[in-house]
Amino acid sequence: MSEHTYKIIELVGSSTNSSDEAINNAIERANKTLRNMDWFEVVETRGHLQDGKVAHFQVKIKVGIRLDD
Amino acid sequence: MSEHTYKIIELVGSSTNSSDEAINNAIERANKTLRNMDWFEVVETRGHLQDGKVAHFQVKIKVGIRLDD
Amino acid sequence: MSEHTYKIIELVGSSTNSSDEAINNAIERANKTLRNMDWFEVVETRGHLQDGKVAHFQVKIKVGIRLDD
Amino acid sequence: MSEHTYKIIELVGSSTNSSDEAINNAIERANKTLRNMDWFEVVETRGHLQDGKVAHFQVKIKVGIRLDD
Amino acid sequence: MSEHTYKIIELVGSSTNSSDEAINNAIERANKTLRNMDWFEVVETRGHLQDGKVAHFQVKIKVGIRLDD
Amino acid sequence: MSEHTYKIIELVGSSTNSSDEAINNAIERANKTLRNMDWFEVVETRGHLQDGKVAHFQVKIKVGIRLDD
Amino acid sequence: MSEHTYKIIELVGSSTNSSDEAINNAIERANKTLRNMDWFEVVETRGHLQDGKVAHFQVKIKVGIRLDD
Amino acid sequence: MSEHTYKIIELVGSSTNSSDEAINNAIERANKTLRNMDWFEVVETRGHLQDGKVAHFQVKIKVGIRLDD
Amino acid sequence: MSEHTYKIIELVGSSTNSSDEAINNAIERANKTLRNMDWFEVVETRGHLQDGKVAHFQVKIKVGIRLDD
Amino acid sequence: MSEHTYKIIELVGSSTNSSDEAINNAIERANKTLRNMDWFEVVETRGHLQDGKVAHFQVKIKVGIRLDD
Amino acid sequence: MSEHTYKIIELVGSSTNSSDEAINNAIERANKTLRNMDWFEVVETRGHLQDGKVAHFQVKIKVGIRLDD
Amino acid sequence: MSEHTYKIIELVGSSTNSSDEAINNAIERANKTLRNMDWFEVVETRGHLQDGKVAHFQVKIKVGIRLDD
């Protein structure tokens, strides 16, 4: 974070592989329509279970977006 | 929540009748311009008082919106 | 909340009917001895159980009271 | 709560009608197999949305169960 | 907050002078593209240090925006 | 805090100038009717916005009051 | 807590002996001017140190007071 | 905590003497039917008041139970 | 989460490899005696250190279990 | 706390006797190498269980240390 | 924060003038013995009262210190 | 945690690969100058974004260090 103004949005990403990949998937999906994403913070990690295994991880993140001056 | 990416927005709805209706009013107002709203979480319940009675309930909620792939 | 000073008090109201009514009951009881109550915030919702049913709801609220200048 | 020992369990109840009924539904379902439930505390209120309306409320509660001496 | 519906957004403002000015800078930047901003709440105050001094304050705020009916 | 008993009250002060002044205004208003106020803690900082600017800061504080023995 | 309305106050008690005694000291001091105190909750435990030892414990509690109907 | 899997349960113990004894009473009561209890964490300390004194302490704890492989 | 009632249990799983695997290990152990596990939430991530390295990760999770009607 | 600058450190003390003694043990151990310790705050109380009894209490505290000018 | 390792310390600074100056005073005092301080976060704002006025502000901050590789 | 006294320090580690590796990197860096590190707890997970991808993970941890008697 530098001397700019930032907008913060909240996303939930998911992955069948790992909690880190769930973060990456949320960022990559958001990157289709947003630019200037600068940092993220993890808010919550959860997921679904099926047949006694983790079916997919879901990670809720906040993302800081730098606003143009 | 399934394997999609979700965006989370935060709303405050109000109602003169009940805290549940305040949630519904926020959702119905948001439904005018948003689609694919999937779930909500209550963040805070408060309200205004007038003449020693609850004048209206105000409920702050987070709403999860499913993003198209 | 406007440009006044407020005192905040904490109350627990109860009702055999609903959590919203428990808020109203706390406000109405406080209204017997206090004036200028302006807003409330819910702190906690709990209650007692009897014979496998909710016997009464108890809601802890904070109430903002506008102080005269 | 008196001088007994209590066990606390956590439940999620749901209702298409109201958040208070979601609490009652969780208690009634638990009452089929548990006795001596004494009090509850609301942990979280959330729910699902469908067609721009609340489809059902889901309330997470903790329930205190009095253990026999 | 009156009987309207509000949308809440989250911003980070910064200032080399003071934490209050960081709030003002975030509001003024947001005012370029948003109208009907009604209230703010401080979420977090932080900042960068340089040469053993505060280089700038960064304040994260939530802003309530009144939605038209 | 020394070996006395303290009562804690909660106040909201406001100021059009700064968040620090909002604290001072709450203390000065309370000082009209209370004595032996010893310390304060900030609970929440918020405020109202008008025309894209901070109209006034509102700071919620807890104040410790030393009780006579 | 039964079907009454309660007012909650916040106190800090202190003791050179133990944290439990600090709670008791706060209650006994409050009992000089208040009646119908029904329950307490510990909010915070802290204290002062002198010569590398605990000089006194300070315990912040909330106390529920049953209001007459 | 070693490399095992643990189940965590939540208990409330009470004692007319001290908050530490309330923890011990909860553990001893649970020990009648459970084995392999490994650690505890205090969640909340509260209690009842009678005649301006602490009638009994109630301590809510989480207890970690080691599951056999 | 659908319109069912859920019971929530709390587990700690461990793994010498990764925090995600610690979650999976807890779920697989619980699956030996429980059925209808639907979702999990991460409560806490910690672990033991040995010789300046992570010896194993320990992840505390809550698990939602769907109760039969 | 007066007009000085303080450094805050975090300690875990333990005792087989009581939670208060665990605080004292942490302070006495720290006193071997540190001076000017002024106050403490309890962060967490936990402990180990053995044979269905509390084997020892562990209390995590923050300690404020006055820095020389 | 870049790709380095950081150590975080906790300080309390004070000022008779403002809460922002209390942060600066803590940083300047720490700068006498520490280098590579990179950022701060406010943890708590409190202070002492005297004669119905704020005698001094005390701000607890965390400070991130970049470790050399 | 056994019957020793522990000091807790707070670190931020980073990694371009994974959040688990960020924990390991912090521990390995600290291990150059510290001994007797016993356990860690994750406080916060965040990171920087670049070109719509996670550039590196940053994990804030607390580390418990066993003090010699």
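For reference, chains read A, B, C, D, E, F, G, H, I, J, K and L in written order, and residue numbers begin at 1 within each chain.
Keep in mind that, in the parts below, a residue touches a chain if its C-beta (ideal position, glycine included) is under 8 Å from a C-beta of that chain, and two chains touch if they have at least 3 such contacts.
In this text, all values refer to a predicted model and were calculated from it rather than measured experimentally.
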{"item": "Touching both subunit F and subunit I (chains)", "value": "none"}
{"item": "Most remote chain, CA-based centroid, reference being subunit E", "value": "H"}
{"item": "Selected from E-K, B-D or C-F, interface repeating D-H by over half of its contact pairs", "value": "C-F"}
{"item": "Centroid distance [mean C-alpha coordinates] between subunit E and subunit A, Å", "value": "22"}
{"item": "Length of the line joining the C-alpha centres of subunit A and subunit H, rounded to whole Å", "value": "38"}
{"item": "Chain centre separation in whole Å, for subunit H relative to subunit G (CA means)", "value": "22"}
{"item": "Touching two or more other chains - residues of subunit I", "value": "9-10, 18-19, 30, 48"}
{"item": "Which chain pairs touch, all of them", "value": "A-B, A-E, A-I, A-L, B-C, B-D, B-E, C-D, C-F, C-G, D-H, D-I, E-F, E-K, F-G, F-K, G-H, G-J, H-I, H-J, I-L, J-K, J-L, K-L"}
{"item": "Touch list for subunit H against partner subunit D, complex", "value": "9-14, 16, 25-26, 29-30, 48, 56, 58, 60"}
{"item": "Interfacial residue positions of subunit L with respect to subunit A in the complex", "value": "18-19, 44-49, 52-54, 57"}
{"item": "Residues of subunit I defined as touching subunit A within the complex", "value": "18-20, 23-24, 27-28, 30-31, 37-42, 63"}
{"item": "Subunit L-touching residues of subunit K, taken from the complex the two chains share", "value": "1-10, 62, 64, 67, 69"}
